[in-house]
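By letter and in written order, the chains are A, B, C, D, E, F, G and H; residue numbering begins at 1 in each of them.
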Amino acid sequence: MTDTPFVIAGRTFTSRLIVGTGKYSSNAVMAQAHQASGADMVTVAVRRVNISDRTRESLLDYIDTSRMFILPNTAGCYTADEAIRTARLGREAGLSEWVKLEVIGDERTLFPDNEALIEATRVLVKEGFIVLPYTNDDPIACRKLEDAGAAAVMPLGAPIGSGLGIQNVNNIRIIREFSRVPLIVDAGVGTASDAALAMELGADGVLMNTAIAGAEDPVAMADAMRHAVIAGRLAARAGRIPKKMYASASSPVEGMVGR
Amino acid sequence: MTDTPFVIAGRTFTSRLIVGTGKYSSNAVMAQAHQASGADMVTVAVRRVNISDRTRESLLDYIDTSRMFILPNTAGCYTADEAIRTARLGREAGLSEWVKLEVIGDERTLFPDNEALIEATRVLVKEGFIVLPYTNDDPIACRKLEDAGAAAVMPLGAPIGSGLGIQNVNNIRIIREFSRVPLIVDAGVGTASDAALAMELGADGVLMNTAIAGAEDPVAMADAMRHAVIAGRLAARAGRIPKKMYASASSPVEGMVGR
Amino acid sequence: MTDTPFVIAGRTFTSRLIVGTGKYSSNAVMAQAHQASGADMVTVAVRRVNISDRTRESLLDYIDTSRMFILPNTAGCYTADEAIRTARLGREAGLSEWVKLEVIGDERTLFPDNEALIEATRVLVKEGFIVLPYTNDDPIACRKLEDAGAAAVMPLGAPIGSGLGIQNVNNIRIIREFSRVPLIVDAGVGTASDAALAMELGADGVLMNTAIAGAEDPVAMADAMRHAVIAGRLAARAGRIPKKMYASASSPVEGMVGR
Amino acid sequence: MTDTPFVIAGRTFTSRLIVGTGKYSSNAVMAQAHQASGADMVTVAVRRVNISDRTRESLLDYIDTSRMFILPNTAGCYTADEAIRTARLGREAGLSEWVKLEVIGDERTLFPDNEALIEATRVLVKEGFIVLPYTNDDPIACRKLEDAGAAAVMPLGAPIGSGLGIQNVNNIRIIREFSRVPLIVDAGVGTASDAALAMELGADGVLMNTAIAGAEDPVAMADAMRHAVIAGRLAARAGRIPKKMYASASSPVEGMVGR
Amino acid sequence: MQITLNGERVELEEPMSVTALLARLEIDPRRVAVEHNLNIIKRHRFAEVVVGDGDTVEIVNFVGGG
Amino acid sequence: MQITLNGERVELEEPMSVTALLARLEIDPRRVAVEHNLNIIKRHRFAEVVVGDGDTVEIVNFVGGG
Amino acid sequence: MQITLNGERVELEEPMSVTALLARLEIDPRRVAVEHNLNIIKRHRFAEVVVGDGDTVEIVNFVGGG
Amino acid sequence: MQITLNGERVELEEPMSVTALLARLEIDPRRVAVEHNLNIIKRHRFAEVVVGDGDTVEIVNFVGGG
């Protein structure tokens, strides 16, 4: 059974795992983790250059841009205007039209402000951006983002960095059923089984940062996530057995000795 | 991070996934699924030869015994005596001392009769068998099996063939903590994330049959399980992030444009 | 420990359970279920009078309005305008300013259209309505509804009539923490333990219809829900024991005979 | 719908909640909590009289034995012999044949040693005891206890005092289905919804100590548990609505204004 | 003359007050709300408001809902 | 003489009945159970059963438990 | 003569070795285990062990199982 | 003269092109985006756009994020 390719806005990716670049103990560790993850898309943040610090090495020195596609985000933006401005700057810095759009509604949960997110999506799509919005697991918001021209919908599984795993499997399933664009579970994954579950629910991809960067051994966890996403995708397509309350023997019940 | 080898009774296995040979639509499909699973140990049942049917092809013709270790089971036995007798026959047929010991207590749940299981374990260990007992998720029963000389403990995650996934994660965790022999989750796995979770809880291996053989595409599911077990094992050792109720930003909070 | 009264917009209710009037096999059964529920607020829908059918008895003949407060809803409305219009008609029919505001975003999930819901809330609050909006478990949407003047926030536990129970306990907990107005879990409850859990998570009340009306014995289930809401409220305030992975003896470990 | 009475070994109890007497901050608080719980059976431990301390007030001074039935336990016993000896002493001290039989297999989990438990049950039943054995959620062990003459089976929901709630709902459901004697969930309950769930799964009663005695406000929690057990029992018999993935409207879809 | 009543065409001989219309329909005025050409009519004005040819009238009441 | 009472060595001047022993310990006989050299003593026999030198006595009662 | 083979009555002309019996049944001796009157017969003894009238024989092999 | 650079006051002797400014700051122009008085400056125009007294300049690049 060969899988359908993972295509977003006409671009094909070899891996359904998208990883971040934040919170690593060092850029060297990050580079190894990226390698182990098998990802070919990484998210980055757009921030002011540190004027005072000349020596500061560039993040990009540690990303193999020949293999990795760079996805700038608008993390930390609390209004549509801020997010739009940041997206435009990201485009100049990266010379690509793609943006992971975040409009945060609250700093403790980092949950999205869907109203502002939809508005920002409309504006940026008109400007030719390929918009991948980070949203919550609200099927109605996802549909509106799709109608606004989003290239994918990226509902959270749980709060960013919480590692709680997917809190509402039913909503993810419903969003998958309703969406005609790729569904990427963004945020909330804590360990491999969470990522596998996301894919089993029908996600086309999973985006994570803290689960890998924050692990005691980020490289091993990146490898774990690579396998988990492959496993979950395969299982989703293999047609799992139905759940039953009772047992069903896996060995024959006839031919027992001495009966 | 290199993993410790998976060793049972002094024998090293390359895969932590152990698969069955029952319920496949055909032996050919089984062979492909085994290949995809990466397993190097398979379980088989011991049954009367069908005298009337001359043509009946042998299961072993479809198992690459150069790569696969054969683990005979005592499935279908409801008393210690039956299980002991079947184990002895299995040894003659397979010329190995290993047995997956099952003493079933009830035909609807196929839950083990731990009392009889412990008794049978004592007898067979004395006869030089390498006993891998299928039990339930009872830490006390597992400790007694270990004391009786079991080479591993194999608690169920859920009823055989139910596909419910691990019903009691706390017990599996506790059994792992208490056991000095390998812990193999045997039965109940339904899909890839279940297998990954089993490993994350500390299992040294996972044994399954129906989840693969009963899937719409057994070969794809076998491949999924192979990845899932690797993923779960890596994650268990990588040191996952703690769970938190709230979010923690993965992008810097300083350096925002225009602030 | 005496509880604080359950007050919404200055009005005190004796019961924290709010029940519906739809889907009952008969008005007589509904009246008995209302009695058993102990509720003193019921929701009703606003619909066209059936002109052709003269005989049609009035719902209100079966509601003890001396005890029950009537809360008209805007169920079935898919736009802010429709909901506003229906709310205004409901006010005339019921001669109260209160409305359970629903703006549905999709007919299969009946999930709210938060964007339109917030807009309708702003308009109706300006017109002097006491607005109780049915929303989803999005803390940001709930905060905006509160800012728009909603008298309470009513997040769903699961899709209306699904009986799935609370799908995202973490979000309900967070909403409770963020809200300064009463939090009422509206929709998704299937059985008593779901209602108790909702209260334990900090909800000030629970609103349900199908779980009672759709039960085989609606009167018994109404009684169950009455007890469950009281139980959950008491437990929420009693300060439950922390969860622990291991046991702690409830009987003394000293003074054993023969030691 | 009137409920069937709660009968164990021919004795009828008015409450399906059975409470303990351990770990209270004071006997006075215990007495109030017992009152609030509505229970008419309490468990007590059998321990050596403290010879040195003359002043020590008697537990029984704080139990209304006219209303409360006393159930001595064998908590802390690690062998069948110890448990049998303690049961006999309890009978003399209490002048009743009833015993809550515990044979502990491990001090960290306080899980039962089912092998020894079944053995002790056989002995005590022969001596005329009414045996209520504390066991784990193993349907086979429960059946053997029943066959040995136990008057009820009392599987744990989770480790004693852990407050984790019911870890394996499927097993409790199965045990209920298999047992012809009352099923009492003993241990593991943490809060009201746990107790309600236990009853919804088909339990005939719930036994708890730490959840009440260890709460910040034991009297309020006892009241909560009283309501929760009633709620769960009513719900179990009322016939809950089926779970569905999608919504079903509780208000009519016809008669909308302006359509 | 013809009016649109709750979405349906209805024939009336002549213009009449909301009160008269409700009486004709045998509807208890105390339990309904009436919208006349998109304007809600307060109950105390039922007697004076006249429904004429081509008018649109909505008459609603409470039904079971959740 | 010496007996083992609830696991502890206790000195007694002379053999005495269980009743006497309980009285001496100020323990209400109605709320305890007594084991004498591993035999449980029915309450009605407290007066006749004599505790002698080297005997082992267990006196138990009910305490708080779950 | 008659034997019980895998639970069924089977007629044989005369006593024969396990090896002969397996050959007669066209069963490859390398892949089965044989129990004769409740005793397991090691493979190297198939030739010498004789199955006689009234004996009970079980011949088992491996089949698919979990 | 003075400009506001990434939110901080910075002294410059004289007006200069974005290219010159970046050179002065030792910043590789290929890896940053520049906003001049709220207008984004395309990279090919760095040489011609002049930063003068009172101007606001934002210079951003990519940093680790999720």
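Here is the rule we use: a residue touches a chain if its C-beta (ideal position, glycine included) is under 8 Å from a C-beta of that chain, and two chains touch if they have at least 3 such contacts.
Computed from a prediction, not measured in an experiment: that's the story for all the values here.
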Steps needed, at minimum, to go from chain B to chain G via contacts
1
Give the chain pair, either D-F or D-E, that is connected by more C-beta contacts.
D-F
Over half of the contact pairs shared by residue number: find the pair among D-E, A-G or D-F that meets that against B-G.
D-F
Which chain lies the greatest distance away from chain B when centres are computed from Cα atoms alone?
E
Approximate Å spacing (C-alpha centroids) for the pair chain F, chain H
95
Find the geometric centre of each of chain E and chain F from their Cα atoms only, then give the gap between the two centres in Å, rounded to an integer.
93
CA centre of chain A versus CA centre of chain E: separation in Å?
56
Touching two or more other chains in chain B are residues 20, 22-23, 45-48, 73, 75, 85, 89, 109, 111, 159-161, 164, 170, 174, 209-210, 213, 245-246, 249-252, 255, 257-258
Name the residues of chain F that each touch 2 or more other chains.
6-7, 35, 58, 60, 63-66
Note which residues of chain A are touching chain D in the complex, please.
170, 173-174, 245-246
So, in the complex, the side of chain A touching chain B is made of residues 1, 20, 22-23, 45-48, 50, 73, 75-77, 82, 85-86, 89, 108-111, 159-164, 190-197, 200, 209-211, 213-221, 223-228, 230-235, 237-258
Contacting residues of chain D [partner chain E, same complex]
249-252, 255, 257-259
Per the contact definition, I'd like the list of chain D residues that touch chain B in the complex.
105-106, 109, 111-115, 118, 136-141, 143-144, 158-159, 164, 167-171, 174, 178
Chain A partner, complex, touching residues on chain G are 7, 35, 58, 60, 63-66
